[in-house]
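Each structure below is given as structure tokens.
Below, chain A partners chain B and then partners chain C, in two separate complexes.
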Partner chain A sequence: MKHRTFLWFILPSLSAMVLFIALPIVSVFVQSLFVAHDQVLIVTENCGPFGCKQATTVDQEATRALKESAPLGKYNGFATYTNRGHLAFAEITEAWRSSDGVSTFLSQVLNLPFYRAVAFTLAYTFVVTPFVILLGLAVALGVNALPRAIKGPTIFVSLLPMIVTPLIGSLILFWMIDARGLIGATLQIVFDDPDLSLKASPTLTWITLFVYGVWHSAPFSFIVFYAGLQTVPQDTVEAAMIDGASRWQRIRYVVVPYMAPLVTFITLMQLMDNFRVFEPIVGFSAQASATSLSYIIYSDLRGGDTQLFGSAAATSMLTILGVAVLLTPVLIRTWREFNRKPV
Partner chain B sequence: MFLKKIALVGAVSALMASTAYAGCGLTSGSVRILSNDFPALHAVAAGAEACAGGGVEVSKNQTTEHKDLQVAALTSNPAQYTTAVVANSSIVPLLNGDLIRPLDDLVAKHGQGLQKTQLVTIDGKVMAIAFMANAQHLWVRDDILAKAGVSAPTTYEEVLAASKAIRDAGIMEYPFAMNTKSGWNLGEEFVNMYMGTGADMFVPGTAEVAINNDHGVATLNMLKSLMEYSNPDFLTFDSNATQALWEGGELAIANMWGSRGGAVLDDEGSTEEVTSNTRLIGAPTWGNGSTPASTLWWDGFTISKNISDEDAEATFVAMLNGISTEMVKANNDKAVWLIDGYMPGRAAEGISATASAGAPPYPMMPFMGALHTALGNELSDFLQGKESAEQALADVEAAYNAAAKEQGYLK
Partner chain C sequence: MTPSSQKRSLGLVVFSTAFVALWLAIAAVPFLWTLWGSFKVQGDFFSKSDWTYAIQGVRTLAETGSSFTGQGYHGAWVEQEFWRATLNTGIVVFFTVIISLTLGTLGGYALARSGYKYAFWILMAALVFRAMPHITLVSGYLLPFFEWNLWGHLPTTIIVLVAINQPFTLWMLHSFFLNIPKDMDESAMVDGCTRFQAFRHVIIPVMWPGVITTGLFSFLLAYNDFAVTAMLLSQENQTMVPKIASFLGTTQVEGNVMFAVAAVVSATAPLFALVMVFQRQIVSGLTAGAVKG
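For the complex of A and B:
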């Protein structure tokens, strides 16, 4: 294709991407460099249904001029990125200086909101992604071996976890794992521990969230693998059978290598999806034990009466950076494979 | 038959419109209400909507997301809503943004029926009209307390003793609960408990936080002692969860919102045994203090700044019609009204006892929201036993300082 033709061909999607992806990111980045203006505080007497009280309020007259001259706020550079709510350089340095061993240093670092969120986000991503791939493949192989008559209904049922809205799905499970819920009560009987509660300890909360993540995402990898299985060349499989390969050997040496590109694709999608884990934390009310990067953005924007736009923007930029770092190895691999193929 | 019904509906609505017209005395203007979404506010909005007709338009958006809509909606000119119904925390962003107008002229012209206590004044100017009150206070089950041989507690020390007695008697393993879900609810419990010490949360006249001290440590330790008697799931308990536990008869003593009283004491969702033995009493004191460990909340309406005087007046009159004595008489048990004509019922006893014992109002400071968020996010580690009280308070202070700097309150 000529370069000129190619340019015209790609122009609509390119402009849509600039408009809906690139520009918002630039705007969020600009926002992250600013904080609110210094507020002029005065002490006034406030009265209400419960009497009068001296209170501190903002002097509107004095701050209005400031706001009008610079509506974006006060330029703060990268100071928001390095404050305690984000990369916390000062706190990390202090922790390194004052702690006497790696474990005390780590516990001090994990006490900082950003690093605590990163820890859970990474754990979630790296636990859930492989399980989703393995479980999805297993279910796809199982369904593919079913007789034709019950295939359709089985596929439909297997897809249900993905069809349920994540927030609703996690809320339903949250009620089910309650000590009086179906799953919670059953677990108490199975483990013979009347005090067992999946909501109480951080470890069990993490495990619950991981299990939810696998349950929710496995249908995605299942359906991709199932589609892939339909295109496995039957003559190769039959040749393997004639050579005396067992079902396991056929899967290991024919089917899995054939579907390797799909594994890359699912890994890519799952890494991105799981890195921005959010709904289960809200649905399971798990924020005491597990927070993610997306959750702290939510908390900045929705936690209180006033929003911290600069802080939320900085976390968003750091999340994008995190996704980029995470995807680089997979993308490099894809690029090599692409180049290896004869054109 | 169908036509007859239509005619009847038409006649009724025409009648309602004409009486409303006569009642509100408005000829023109647009009333646009933004408020939270619960039955008491539905009644208020319905009262305001009765003023529609004859050139007056009334529309409403009642949503639990109101706090996140209000600043952007009132910043536009003209404002998207002519009134925002707020509480003492959610009025703060509107004041900070200079988005609501003083109401002194409208009060002088139309507000003869208002009680003086309903006027919320900031620096001498009326900025909101309060119409209902709320607070967290103790709820007790008289039958269970009697079975355990203890009387209704008036201090948190007595709450601990009573909970122990109930546990030792083998009646309940976890007789106590409060709204301790990590986040806003947990922050609110700390603020309530800290108020019982009588100490200030900020250095007066500044935005510097003053909770990292002996009062703060004592507050945290009291919360932790109480959690010994609360279900281990306590960090997931919000109002809906504690109400369900109460209605399920699984609690004997709880610290819950008074506004839930109507819903618990009605004949739905619970048993006769629970509702007839439930009593709402005042918030307790603790540590030999005399201030109840609770904060008082009001709900009230404000009028947007970026609207015409005509709309402002129409809105004010319509909202007054929404909080009229007739509305209160028809909806007496839906809230603790601050309006003339209100007859306090069983569900109001806790709030009025808490208010008359001198509980302070929730601090209406511009930087209070930042501290509340910091408390809600940083205290769960301490309650889970993962860090010391001193460390938790240091974390709160550091998180608050970072947020307050970003909002421009601290240099």
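For the complex of A and C:
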């Protein structure tokens, strides 16, 4: 295709991506270098019969004027990145000096909001992904063995957890694990503990979120594996059978190796999707025990009284760096493949 | 179908069927439970005394005189004006899908037919963009949108969703167009068509299966989005998902949580219908990237 024609075809799509994905990243970077203005204070001296007192008040007018003239805030350099809410260098050095062992050091570090979010995000990503792959493969093998007539309805039901809006899916489960809901009440009976609540302890909240993650994503890996199973060459399976391979051996040595490229694909998709875990934390109201990187950006932007644009932007930049690190191996691999492929 | 040599032992069949049945229960029961419970009062859906109340509707019978009540739906749709959110979702989703597909087909076609290196780089950039958490982009939009008075309107959100959708749409349609033989449009060009005419008269008539599949996923992305719609829309322009989230702020009032339950069921229904009608396309779309490697 000629360069000029190519340009005209790609232009609308490309400009949408440049305007609303590439430029916002620049905007995020710029915003991360600024912090909100300090309020303009006026010191007035009130002199009364008992001497003079100094009173400090906020000059609302001047503060608003300052905000309007420079909406970004004041320049702060990279200080936002290193403050307590983000990389917290000072606090980490302090914790390293004062703590007597690795575990106390780690517990101090995990009290810092940014590292808490990183810890949960990584734990979620690396716990949910393998379980999704295993459960998906197991369900795919099970469904593949079903009679043809009931495969369709089975696939329909299996798709539901994935297709449903993440926030809605997590709300539905949240209501069920309520101490007065189906799962919550059942667990109380099973463990014979009337005070058992999945919402109370951080550990149980983490596990609940992981379970939600697996429930939500397993259908995706199931569908991919199921489609893969349809293309496993029957000759190889039969050859293995003639050679005396048991059913388990056939799965282990014929089917699973054939599925390997699919595992790579699912892992890649799942790493990308799980790394931005966000809605379940809102749905499960889990922010007290578990926050993710996406969630702390959201709560900064929501803000209480003021929206912390600078802080949200700094976290966003660090998150984007995280995504880049996560994707590097994939990009390198694709680059090699592209160079091998004759065009 | 199955040759007799492949017959499985009875134990294995039982085990495998039981496992699938268990999975189906895990996948479906939450939805059935919520659907059933949405017609009860809060005292039954969150029953302190006995979980079977939620099934029998004991309190519902006592409070309303019938085992089923539409109170939750009435509260959500009429009192809390959920219909307005539904309408907004309809507008956002419709335009997002149409615009994404238009831009995506043109771009995807160009990427599939260009052998130059820059096409590869655009695809790689799209892959990186695809991995970007949406909320990080939102934090880039907010301040400029406030400054330029773009914040809160439906068109802004539509354009943002289109852009966020582009990387995925491009990838999917690109791999789809790769499957349409090059000879088709090239022979049209030999016959004197321009590239665009070839696209218009040769490619467009055969591209619909791929476009429909891609459209389904654009639909799901726009419909399920929370990060963008929650942050970029003003109160009166809210779509369904942020509206449901806002119900939760008011759940302390007795009965209001049932508004959220009813709204959740209402918002899930179209998705179920979608899967029912387009199950085959969704399955083929999910596997399109995978099976080809």
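As a convention for this text, the second predicted complex is superposed on the first by the 275 of 343 C-alpha atoms of A that agree within 3 Å, B and C clash if a C-alpha of one lies under 4 Å from a C-alpha of the other, contacts with A are read in each partner's own complex, and residues count from 1 in each chain.
Throughout what follows, a residue touches a chain if its C-beta (ideal position, glycine included) is under 8 Å from a C-beta of that chain, and two chains touch if they have at least 3 such contacts.
Since the structure is predicted, the reported quantities are computational estimates derived from the model, not experimental observations.
**Student:** Counting only touches as set out at the top, which of chain B and chain C does A:T5 meet: first, second, both, neither?
**Tutor:** second
**Student:** Going by the touch definition up top, name the partner, chain B or chain C, that contacts more of chain A.
**Tutor:** Looking at chain A, the partner in contact with more of its residues is C.
**Student:** Would you sort A:T44 into first (chain B), second (chain C), both or neither based on which partner it touches?
**Tutor:** Touch partner of A:T44: chain B, not chain C.
**Student:** Does chain B (first) or chain C (second) touch A:N111, or do both, or does neither?
**Tutor:** In the superposition, A:N111 contacts chain B only.
**Student:** Is A:V58 touching the first partner chain B, the second partner chain C, both, or neither of them?
**Tutor:** After superposing on A, A:V58 lies in contact with chain B but is clear of chain C.
**Student:** Quick one: is A:T203 in contact with chain B, with chain C, with both, or with neither? Answer first, second, both or neither.
**Tutor:** A:T203 sits against neither chain B nor chain C.
**Student:** Of the two partner chains, chain B (first) and chain C (second), which one does A:S69 touch, if any: first, second, both, or neither?
**Tutor:** neither
**Student:** Shared contact residues on chain A for chain B and chain C?
**Tutor:** 178, 285, 301, 307
**Student:** What residues of chain A sit close enough to touch chain B in their complex?
**Tutor:** 35-39, 41, 43-51, 53-58, 60, 64, 74, 76, 80, 83-85, 91, 111, 113, 178-179, 195, 197, 199-202, 284-289, 299, 301-308, 310-311
**Student:** Which residues, counting only chain A, touch chain C once they are in their complex?
**Tutor:** The contact residues of chain A facing chain C are 1-3, 5-6, 9-10, 12-14, 16-17, 19-28, 31, 71-72, 135, 138-139, 141-143, 145-146, 148, 152, 154-161, 163-169, 171-173, 175-176, 178, 180-182, 185-186, 215, 219-220, 223-224, 227-228, 231, 241, 247, 261-262, 265-266, 272, 275-276, 278-279, 282, 285, 293-294, 297-298, 300-301, 307, 309, 312-313, 316, 319-320, 323-324, 326-327, 330-331, 334-335, 338, 343.
**Student:** For a test of understanding, state which residues of chain B touch chain A in their complex under the given definition.
**Tutor:** Touch list, chain B to chain A: 67-68, 71, 88-90, 92-93, 95-96, 98, 117-124, 130, 133, 181-184, 202, 204-207, 231-233, 235-236, 238, 296, 298, 338, 355, 359-361, 363-367, 369-370, 372-373, 376-377, 380-381, 384, 387, 391, 395, 398-399, 401-403, 405-409, 411.
**Student:** Can you list the residues on chain C that touch chain A in the complex?
**Tutor:** Interface residues on the chain C side: 1, 5-6, 8, 12-13, 16-17, 19-20, 23-24, 26-28, 30-31, 33-34, 37, 45-48, 51, 54, 102-104, 106-107, 109-111, 113-116, 119-120, 122, 124-144, 146-147, 159-160, 162-164, 166-167, 169-170, 195-196, 199, 220, 223-224, 226-227, 231, 241, 244-245, 248, 257, 260-261, 264, 267-268, 271-272, 274-276, 279, 282-283, 286-287, 289-291, 293.
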